[in-house]
Amino acid sequence: MTKHQGRGIAAIEYPTGMNQNGDPSQAWIKLKMDGRVDVFAGTVDIGQGSKTIHSQIVADTLGVPMDWVTMDTSNTDSSAFCMGTFASRGTFIGGNAVRLAAEKVRGRILEIGGELLEIDPGDLEIIDGEVVAKGSPDKKIGVGDIAGAATFVKGELISGQGTALKEYATLDPETGAVTIPPHSAISYAACAAEVEVDVETGDVRVLKLTQVYDVGCAINPTMVEGQIEGGAIQGLGLGLLENCYPYYPSAEHRGGQFGSYLAPSMEDLPELECIILENPSADGPFGAKAIGEMANNAQPPAIAAAIYDAVGIWVTELPITPEKVLRALEAKAAGQPESTRDGKVVRYDEALSMSSFQAAESAVRFAV
Amino acid sequence: MKAVGARLPRYDATEHVTSGTRYVDDVRIPGTLWAKALRSPHDNAEILSIDTSKAEAMAGVHAVVTFKDVHKNVHGHIEGLGIPGDEPLLAETHVRYKGQPIAAVAADSEALAQRATEAIEVTYKVLPALFDVRKAFDADAPQAHHWGNWYPHFEGEMDRRQIRKGDIEQAFADADVIVQGTYRPAAIEHVPLETQVCQVVPEAGGRFVVYSATQAMYFSMGVVAAHLNWPLNKLKFVGGTTGGGFGGKVDTATETITTLLAIKSHRPVRWRWTRAEEFLFSSTRAAWHMEIADAVTKDGWILGRKMLTLHDAGAFARFSPYGVTKHAFHHTGAYTIPNLEFNGFVVYTNRTPSTAMRGFGVTSVSFATETHLERIAQTLGMDPLEVRMKNATRIGDTSPNGIPYTDPSTVPVMQALSGAVGIELPAHYRTMTSAIRSGEDLPGHLVAQLGNPEDH
Amino acid sequence: MNITINGTSRIVNAGPLTPLLHVLREELDVLSPKAGCQQGGCGTCTVLVNGEPRRSCLLPIAAVEGAEVRTVEGLASGGKLTPVQEAWIHHYAAQCGFCTSGFLMAATAYLEKGGSDDHAEIAAALGGHVCRCTGYVKIYDAVAAAARGESFDLATTAAGSRTTIRGVEL
Amino acid sequence: MEDPAVLIPTSVAEAIESFGAGGDIAIIGGGTILVPEIRLGHARPSRALMLHGAGLAGISREGTRTTIGAMTPLSALSSLGEPIAAAVSNIADLEIRGQGTVGGNLCAQNTDAPRGDLQGVLIALGATVRSVGAGGERSEPAETFLPGRADRLVLDVSFDAPAAGAYAYLDRAHTHEYTALAVTAVRTADGTIRLGANGAGPHGLRLPSAEAAAADPSAAGVAALADVQLFDDAIASAWYREKTLPVLVRRALEQLKETA
């Protein structure tokens, strides 16, 4: 048999929002005179679905049907500031911005509704586009009627703005210590990879990826799956295929086309199984926290461990190309040990540079 | 609650399947010129002269820009976060990587713009190039960057990101075994299906509309405004529709140069990178070199970690100092390690600069620490799952920077995974929770680092 | 030179070597095919030429003179989407959407030729197309569901077949 | 702009006349290689010869002899049995196979990865290439044709039906990459074993040393290393090709035996 199978596991964590915070997102919302909701935010939907998710957050925060909500993220004239779509901040920070804006609008709807119904706003709620007295569902008024009254009777534009911003976490440059959490939340995940290794060619196939993600709250489960599935294949590319510098550190022989830069394709997509856990974050919108970026972090170590399980070699330079597998198998066959022991030190790979690393400001040198 | 938790389709799903979605390259403005850049053919060189006269004289060429046309040629994209700029928009005295833009041209057609870039005459003095981060600190190493071979401007003018926690030497003295390993993930491309692209349109009133595929409209607008020394109301960014980003479209790679061409030509200008430019000259995920030495006990507790990280930034820093800080903050992975000594360097090499990519700073460390954990288990003859469950972050454990975790879920995540793949965990780990450590889950070495999650 | 685009005859002025993609996008304003790589490597520019899927970035216009070219603009008629378009929506097979046009045309040709819901057959037909967002999972799901002749509720999306969601206690 | 002068012949004779002695002229078969190169300015020929209307497409059979016109699309070759069918199904994808031609594949030059997957296959089949150019029409074995292919206009290729054929190649997981290395083994009607390789030199190569040792597939694999000129490129190193060429030779020969 030239093909051997193995399984490996990895567990990871990943922060939500920019490291050390200080990265605001803002949004503003206005009601049309029939109660329909216009949301303006600067968050760019790069395909991950933030615009849809933000609309879902607004709809439920206000208590109106989803199709009442229109979002405009198209330009910097109408939208509010957003730091950007990166650092897994879209759902949490962008989502909190629209939630905070919607809460202000909701508060004003209830106040005006309270005036019109002659009921304390605290005794009102908004259900499916209607302001309803708690416990007396027959006492109600449509949000559209409230918006109309505001516009034509009170002379008011019902609107609200929200800014999600966590204070910048200053660090001690000597120790790296901070005094406030330097992130918005942390998500957790684990992955099991099952692989098959051809010991004659070094080729590795991933047969199955089983993954668990704690996302706090899956605001749109299909979109969470989209992140997890897309991330899984990018993780597979990281683990086995992709390299801008095939002869790193040399810059020779770079691939400049799809036939020579090995991005994952449809062929041989592994079986995927996914469990989404909901461990709500303290202050994310509806308990949500990040999923986007972390989705390609757990597969490479799980694949490396699975290859070890299959054929007993560690390849610790990514991607784990067939060539690296064959070289490691040759070294193993030649009797080269996986690790060496010196006293209580067990050394894998080459000797570390760090022990000879001199941290003097003047002459920083280290020997390999 | 009806919308949250529902499997609703994308707001633009119908547009996507009917070609209603308009990407930047789909914007049609009559009279639009095409832009092309003259890029460095050398990895590292001094620029002796730049002569654009022949290109400027070509019929159908409407603008040629060089560093001379930029008000502030060097602007750090995250100067606001205390990370100073080091990269010229258009090369002035040196080129530091093959593909670095030196000049740009706007012309009637894409082919003509390409020919015009070829008519620009640049003379160089080629310098030796540095590619190996492990040789960057050698006295005889080629100089990759005008600041030296590694970034020197972390807080307090430190030349590295440091983490110091607990008593690292005591942990190594107390260890039964010290496990060492080295981990080196590669640089990869973002591979968005839409290459870097923008269109800039001058408006009669003096404003410029920038159709941009950026992942961050305000951020990119700020970058363009800073280079031009313009107030924000002279620019309008139109965006929000991006054909894939994955981190690479935070770079503001096209917007400023295209705006300069639109200013100079008084015409709308489109710049769309070719796929080869995208593969070779758009920024990459960085390659990393990570060394770990862990002090462990024979029953699988990790007492301490020493780690050295060399981040291969490529020719300029871009977001790398930020990425290395994030890397440092997460270098214990999903586990608690009470004693730490971390040193991380942003190392310059003469390759295409790296930038943010999905998992920025952490993807590398997840690979290193998880693989290392497997090796610890192997060294000790233990089940790697047991080592994971034992050291898994719990409520009240503190992070590398000293913040107590309030809601970690490594334990239930691992339990769910074990169940899904049919691994029978020992009873203690099957019933373990994330609750504050006590009993056998709270060995002596973890007592001192426990924090109070109520403080946060 | 004449070509027929989605049933309408169009006059083309471009030179004979000009790629069909360039003619469509820059001369005729048919914008669904995308210039993803212009090397034939990604599939974002795929259109149907006389019913066959082709990379329009590789096809010189002179070689398709008189041909019948179909693009995404010609799929839906009278506001009614085709099953494969509906499948794409219901199965969330498009995220950023940039690869979608090419995939839809390749899938349309596959289904018009009687393609099945078999994973390997779908891969053989669409496997040269690159998507960086979805991991292809939901693209397979969409093509397979359309091949089975399913009908699609466009107000919601399909649950991933191998996903479970549950709460967790710390 | 100096766009190339485009010639669009409507007959074989006209195509031959247009090509003349070759020179600075780009031959556009399916267009899959040169159309993007010209479009992006990487190739700037002064003339381009478009063959789509020249009547060079089609497969004909005469007894055991199969002749494939240069403009025949690769997709049409999948009915020709092994080893061609297996090799063709591994070229690019369905769409490009419908457009790329036999002549274009035979004349492809390596870029940052090997191209021209049929070169080694046709060598193994003992195919004859009929071409025109300086010195007029010429028919020669594929392996002697290939080094000078840049200056020739291919008219057709022909070969006798083999008794059996096998194709073994490196298939990287989860990608649609160019093929780093491939080996074709053919048993001819008279029982001779022929071997051709792709990705083992500047173009497809015959493996004579391996053929001589073909009775022992493992020995043949090692012997093949004497026949090749291995190199580093974006998708495989010379070292890796050296390690896997013997495996592929052995696998192709074993596969051939199974089709006894």
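Chains here go by letter, A, B, C and D, matching the order in which they are written, and residues are numbered from 1 within each.
Going forward, contacts are C-beta pairs under 8 Å (C-beta built on N, C-alpha and C of every residue); 3 or more make two chains touch, one makes a residue touch a chain.
Please read all numbers here as calculations on a predicted model, not as lab measurements.
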Query - Touching both chain B and chain C (chains) - result: A, D
**Report entry** chain A and chain B: spacing of chain centres that average the CA atoms, whole Å
**Finding:** 15
Report summary line: Between chain C and chain D, the Cα-mean centres are separated in Å by 30
Query raised in the report: In angstrom, rounded to a whole number, how far apart do the mean CA points of chain A and chain D lie?
Result: 46
Query raised in the report: How many angstrom between the C-alpha centroids of chain C and chain A?
Result: 28
Requested in this report: Spell out, as numbers or ranges, the residues of chain C touching 2 or more other chains.
Outcome: 37-39, 41-42, 92, 95-97, 127-130, 132-133, 157-159, 168, 170
Report summary line: Residue numbers in chain B touching two or more further chains are 6-10, 12, 191, 242-246, 274-276, 407-409, 412, 416
Query raised in the report: Of all residues in chain D, which are in touch with two or more distinct other chains?
Result: 40, 92, 176
**Report entry** Touch-based graph of the chains, sorted into line, ring, star, complete or other
**Finding:** complete
Query - In the complex with chain C, residue positions of chain B that touch it - result: 6-10, 12-19, 21-23, 25-26, 28, 190-195, 242-246, 272, 274-276, 395, 407-409, 411-412, 416, 433-435
Query - Residue numbers on chain C that touch chain D, as the complex places them - result: 15-19, 22, 38-41, 43, 46, 52-55, 57-60, 62-63, 106, 124-125, 127-130
Query raised in the report: Which residues of chain D touch chain A in their complex?
Result: 92, 111-113, 170-178, 232-237, 239-240, 243-244, 247
Query raised in the report: Touching chain B in the complex: which residues of chain D?
Result: 1, 40-41
Query - chain C partner contacts - residues on chain A that touch it in the complex - result: 46-49, 214, 218, 221-223, 225-226, 229-234, 257-259, 263-269, 271-279
